[in-house]
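Input: one structure, supplied below.
Labels for the chains are A, B, C and D, by order of writing; each one numbers its residues from 1.
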């Protein structure tokens, strides 16, 4: 049995909630179907967009189990194992293994001040307990406040510890530099680079990236599937046009009023409001202390969705 | 029954580990005795210095239970409930209640981007489920990357949500400004301000602070007890002299080589090496991915301890 | 007479120095010829790469005069007016006018803490004294520690204050968002967007940018001219291949040892060493307190230049 | 002739302006008298509070000349030489020498990215051209975005390059650590440490500092003179009481509305409004692009001054 490769469009699956904060499993299953029908290549459960930082360990495991079981092999499923430090991450590895995740995605340690040497050891220890699961390093400085250095990533790639990286640094130049260094080292077959930037997927593909993990892909998976297809076909002008349409849809993350909520509330709230507007999920409840969008904001989000959602021509 | 007040010297109790990463309960009990014998006024379990971010939920609860039970009412014990977001913190509140903690210490949400409105709601929700436990807000920007604003703290104090704050911002001017605003609002009896800065305790007391939560107090509780006594007695020159001696002892946190470890490894590692040197704990194992000090570093730490540990004159 | 438009490849002209720190005017003229011969569309004097922050006001004016006079209208010349605050920038505007610069490039105020309202007033006051010179706002957070917000830029564009922006934020997603907002506002004819990122020029053009201000363009102007040509022709795959070659040349900025010099010394030093290797300038002296590259570093830079400089096929 | 020592209360002299932005020399002379009459120990011209970053080189020199001449030896005068890099700072050194400044105060380079090695060379080059003028290193990370490391400062002290430092880091713990390291190195006679924090002067003195450079000292020099006297006399409780009164006066810097102005506008504007209220200066004009306080804000500042200005009991 060979490990699945996580390339192409791998959306970070959101976690629909009931109004009491419990997981809305029916909506979660609908969302999984929405994504797979939309043409995605894999699913990333328990990422930042999945509100993993807001779910208890039990909730995380149940969400992951539902995603894995309902996906039923249609596409591979990888699991975020986002926790502060090694001992706590290793618990999540065990949970992921028990429910059948086919890959792992780990960040640098956080809350604690950390060091490149420590980050490297952290990733090595994770791989050591789950050598059969492809491990992707998740570069997300905005959340963990440290950066994963290219030299370290490629050393771990060479040693077989990492199968890839998801880069949410927002720095397309850095992603390209990583890809160039990877290619110069001849690691392009064993180390995959996915961008986490929804609005510059064409850039990433033009630079040689292997895929994208778009939060907005929860709302419009078909747009990203088509965008990836255009990029792989070298139809860059068409890709840029579609990317521009997607970027107008992306405005749903800026509707929530920054005077009373964080970018996380506005962004994930925007995604959930759009999914409810599309009848994919039953309600747009956010986990505490996320703040809710108001009616006018939700209405505006619906208008944006109606205007910019990708609709393949028949 | 009245709630305990957490003032004076409240060290953040470290968590001694066995070499396999499990908790060394015997050493933990010795440490509790060392602290209480040293004259501290209370204990803060599961703080940053307690490696809370490196302990599983089960380990946290067992460490807290041991501290509470072994303390046996000699001093009050408050518990850190350090987690990313509200649903996860509320689980820890339940754990703390079950093992008998007499207070709670909560940070702002982390990993997620957060907003002052969300931080305030977060703290209100915690208090709502544990109204009988005094809740202290833990201001630690270096770990959570947001700051607790004085206006919010005092509003929550006025509403009875907060009983105090532990400020580890490292900004003594801000702590003083908070104290002045508190006093101007007439909240000095109900809202206590503790500094987390080991090296400026005299400053904090001079400004009207109510106590200190010194990581270094694990090593030298008697020094901090005496320092607090001198401050309360208005013997500021003597206090400054003792503070200076303590600050030389504090150099143990700078011995670990920054080229191969974080400030957390060097700092907490320095404390653990000192505690082992003093025979308080059995070994100085750190949780992964913390890096270990080498023999020369440990030896240097022992020398510093021998030179600067407070020894009351008889 | 109409104002020139600064689009296409506009390198920030370096300032060659004699070993005593005075300007090497002969080398400067050679550099101007090297750039124009290489096919650039305009010149940006007194930018960050021109070591403007290291030149006295007299030196700045003389360097600018030499560039303008030696260019002699072959391409338009725009001038950086980089100073802390409005009164000091206005002095530089006068100098630029006196020596015949055809455009101005201004940053946000720095050293002082500033505010968006103040940045906007700053730019308006500059335009008011030089209404005939196209004014570009220079977004360079790494130097001035504030960001120019798209809303402000487009408001100033609409009011005729700004003719464009040079964006050195390093954030290609932000540049694209600015371009999209500009196009949505119908300002594409009057407000030009130039990227300052040497390694992602194809990205910028794909998103609709109007040009690039590449420091590395001092060394290899022909490569950037060809890259821009490929982008404008929609030959994106060929563009990406050339961009990749350029990015390998860009490694000259990383050769200087970070243990003994800043990124500015390594980067600008790398450019100067390459220009000397190519016999464009006489020596690679840097202004104090910039640190010099050592012989091995200079030699390595020469090798990189030999390997990756663009050589048009005949 | 021996060099003056800059210790005690050394306010950073503000620069009063006429409404056209020119220097109001009469008000400047009144301010100098106000400060000396208030009991200060020296004057620091052309600092951040002197709006040095907003003055042209000519204005700086004229302001400095006026301060030196009008002071006429009553107290020593030191001059800020705040510029981006070495060649530009050296011009200011010459200006300062020409008008008779008795000391120099230099920051790390700014705008450019810099490196500790470069900062050290920068300071050494300054001292080399003005060996007879005591040179103080000005640590102001909020403006220059780098920190002056204690090891470097003490190395430069030992080599006779630096005579002291003004620390505006806002970190009292760091200032204390510097003082302790200085004392351990036996450099307390040759290297003086001044704090730039208006609200924690008692802390600094308790830790062994030699003085303070208080922007608020422009408004209330007598308060700081008395505060320093109490500290030197070991009357710490009385000092803390006076410091608390001063800190209430300091609220004038928070009155300006942060929605329409920077902290610099609000802070320096607050000082100028207070000085006008006290009839020390003729008007409160700020240099562009500083924003003006409105009437209600100015009125509120007057009330605060009336309530909290120090009035020695007779």
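To be clear about the criterion, a contact is a pair of C-beta atoms (placed from the backbone, for glycine too) under 8 Å apart; a residue touches a chain by one contact, two chains touch by 3 or more.
Which chain is which protein? Per UniProt: A, B, C, D = Dihydrodipicolinate synthase.
Predicted, not measured: the structure shown is a model, and the values here were computed from it.
When you average the Cα atoms of each chain and compare centres, the chain farthest from chain C (Dihydrodipicolinate synthase) turns out to be B. Chain C (Dihydrodipicolinate synthase) and chain D (Dihydrodipicolinate synthase) have Cα centroids separated by 36 Å. Multi-chain contact residues of chain C (Dihydrodipicolinate synthase) (touching two or more other chains) are absent.
Contact topology of the protein chains: cyclic, one closed ring where each chain has exactly two touching partners. Partner chain B (Dihydrodipicolinate synthase) is touched in their complex by these residues of chain D (Dihydrodipicolinate synthase): 170-173, 176-177, 180, 197, 199-200, 202-203, 206-207, 234, 236-237, 240, 244, 247-248. Of all residues in chain B (Dihydrodipicolinate synthase), only 21, 48, 53-57, 59, 82, 84-88, 91, 109-115, 117-119, 121-122, 125, 142-145, 258, 260-265, 287-291 touch chain A (Dihydrodipicolinate synthase) in the complex they form.
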